[in-house]
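Shown below is the structure under consideration.
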Amino acid sequence: MATMGKGRLEAFSDGVIAIIITIMVLEIKVPHGEDFAALQPLLPVFLSYVLSFIYVGIYWNNHHHLLHAAKNVSGGALWANLHLLFWLSLIPFVTGWMGENHWQPLPVALYGFVLLMAGLAYYMLVRVLLRIHSADSALAKALGKDVKGRLSLVFYALAIALAYVHVGLAIGLYACVAAMWLIPDRRIERHLQESQG
Amino acid sequence: MATMGKGRLEAFSDGVIAIIITIMVLEIKVPHGEDFAALQPLLPVFLSYVLSFIYVGIYWNNHHHLLHAAKNVSGGALWANLHLLFWLSLIPFVTGWMGENHWQPLPVALYGFVLLMAGLAYYMLVRVLLRIHSADSALAKALGKDVKGRLSLVFYALAIALAYVHVGLAIGLYACVAAMWLIPDRRIERHLQESQG
Amino acid sequence: MATMGKGRLEAFSDGVIAIIITIMVLEIKVPHGEDFAALQPLLPVFLSYVLSFIYVGIYWNNHHHLLHAAKNVSGGALWANLHLLFWLSLIPFVTGWMGENHWQPLPVALYGFVLLMAGLAYYMLVRVLLRIHSADSALAKALGKDVKGRLSLVFYALAIALAYVHVGLAIGLYACVAAMWLIPDRRIERHLQESQG
Amino acid sequence: MATMGKGRLEAFSDGVIAIIITIMVLEIKVPHGEDFAALQPLLPVFLSYVLSFIYVGIYWNNHHHLLHAAKNVSGGALWANLHLLFWLSLIPFVTGWMGENHWQPLPVALYGFVLLMAGLAYYMLVRVLLRIHSADSALAKALGKDVKGRLSLVFYALAIALAYVHVGLAIGLYACVAAMWLIPDRRIERHLQESQG
């Protein structure tokens, strides 16, 4: 299978993710009032923004580590990557909808659905990359069993169902998954270090 | 004819294409309602977004392969590239117009017109690049007869006319062209592989 | 005087210019109607967009050539560059205002004012870069007397005054300056070629 | 502690900062009128834009110098950097709010609060980077005691309190801090020069 350099895939993904993470802030509309009362209705919008900023940040971070460990990419990887970017590009929309409706069940569930699809897309990108790397490559070793990735998908699915029971539970799960990923880099970093050492 | 490094042309194009593909999502306005009924009018907007995301993704992909195979660029290529980016930059507008009007003839035809012009601009960029590459360069070999590129232009023109007969036919053609391109990379990839092998 | 690598200055400028050239399209608001009558009021907005797209494209092109010929940058060049980007960042605003008001005198004059300031800022950037390059550097040779740059400033100033006589004259002048720059690269390209040859 | 190349962190930060500095201009809404009276209410919005453009420019500049002096980054640095980008991403919002309300106390104080948090985030990023560099590295030497960084934080805190006494004082302080940073690069530049010389 033909392989290619990964430079432009990284550059393009950086561009798209940078735009996604930044245009979300446009959903926090400037209020007309000038006191705390004017800011108050923005609180759920702001908290949704914080959550999504962390999520997109996690994706950028993991994407960075994944491509760093990869030696090269294939035509299939370009499309798997675009597929991932597609789902990430919907995050500003679902964030805005969830925030503006003060966390109603359907928007909260749809938020989880987009996270779930992005998680699946990331998983597919990993598979495509593993196919063009040997089993003893830095990439394969660094990824290992990817327990965290699989667990996240289960949690998203659970949260979608729980959104109709109590939105607080769903959002709590989203926060848990985010927290779980906030310290993920060690695994790949350690392997890279060992393989360099 | 003077030639230049291609790094910044790639970087700038990546930036513009990344922004185009991402700001389209801003056309999916956050609805005020919180149930499925609120989402329903967004369906044509969303489907238009998906179609355009794939198209812009195809352009990025092909652009990536084209510049990858090119050795260098000329001043004319910079302008041919800006011309291509101009037509691509109109895709968010025609996507939004087509989606918001639930696929009426004129917006659907205008969508095809912008695709046609982008296709012509891409063709012109290819010509300009071929002029500064020899007939036995990787670029020339990789492009070959470019049957797909020519066929796309015919299909776009056909779709513009058909939009006034039945919009479904036009959109079907747009989807066909997209599908035709979704597996395009093999050609150039194979040649690159062979020339490296 | 301390000098630095130019890579990140190029990357950042590419990013900002890519965003400027692309967000202008957001000023072409999606109309609610679905026929030619709905598009008609957009014509001046669209033509203003085309003019500004060409101008920003010219700036990117010249910036590309300028930095290509430069060996390195200084802290002062970073700020001179940000100053240029500031005036360029106002182009979407003046483009939108000029287009939406169907070319009234004040918006047309303000458009020229922003072009004039951007032109001056570019001139200042050139001066700052020349200070850290020797008189026989590729940069100094490539720039020569910069007749075109000086002429543009005169034309912008003239157009601002003429906007109050007849807006058509002012816009004609803007188009003339753009046309004058559309084939500018030869000069630097030739010098680079000679210095490489 | 594992360290990584810094290329993509620079590229991603460039992307996000480029978008932040550019989308702020979208807050300057195109007025419907066509005379000076239509522009007048935009004056505070425009001046707020200028101030924020300078601030974001300063951050990009300092970030550029900081990463230039750094040899490599760690997983912690990626997150410290995202944390900085988070606060910077709120600048368009507070700029718009401050400008639209013609500098009322709360928006002016909130503007200072975001600057304060961004300043703290920058300070944390510096700490994280220093941890993976030796005491005699170019980075450690270039940063020195960072009196300016600490002073800025004090000034921001002061300005937040003063916003309720007189907004003019607070804005004056913001302008002072900006002026203080506009000529900051010499310090790091000189050290880099010496270490190269």
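Going by the order they are written in, the chains are A, B, C and D; count residues from 1 in each one.
In this text, a residue touches a chain if its C-beta (ideal position, glycine included) is under 8 Å from a C-beta of that chain, and two chains touch if they have at least 3 such contacts.
These numbers were taken from a predicted model, which means no experiment stands behind them.
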Discussion item. Taking each chain's centre as the mean of its C-alpha atoms, which one ends up farthest from the centre of chain C?
Written reply: A
Discussion item. With touch defined as above, tell me whether chain B and chain C contact each other through largely the same residue numbers, more than half shared, or through different ones.
Written reply: different
Worksheet entry | Rotational angle, Cα trace of chain A fitted to chain D, multiple of 5° | 90
Worksheet item: How many angstrom lie between the CA centroids of chain A and chain B, rounded to a whole number?
Response: 26
Worksheet item: Distance from the CA centroid of chain B to that of chain D, rounded to the nearest Å?
Response: 37
Discussion item. Quick check on chain B: which residues sit in contact with 2+ other chains?
Written reply: 11, 15, 18-19, 23, 26
Worksheet item: Can you name the residues of chain B that touch chain A in the complex?
Response: 10-11, 14-15, 17-19, 21-23, 25-26, 28, 30-32, 34-36, 39, 50, 53, 57, 60-61, 64, 67-68, 182, 185-186, 189-190, 192-193
Practice prompt. Provide the residue numbers of chain A that touch chain B in the complex, in ascending order.
Written response: 2, 4-5, 8-9, 11-12, 15-16, 18-20, 23, 26-27, 74-75, 78-79, 82, 85-86, 89-90, 92-93, 96-97, 100-101, 104-107
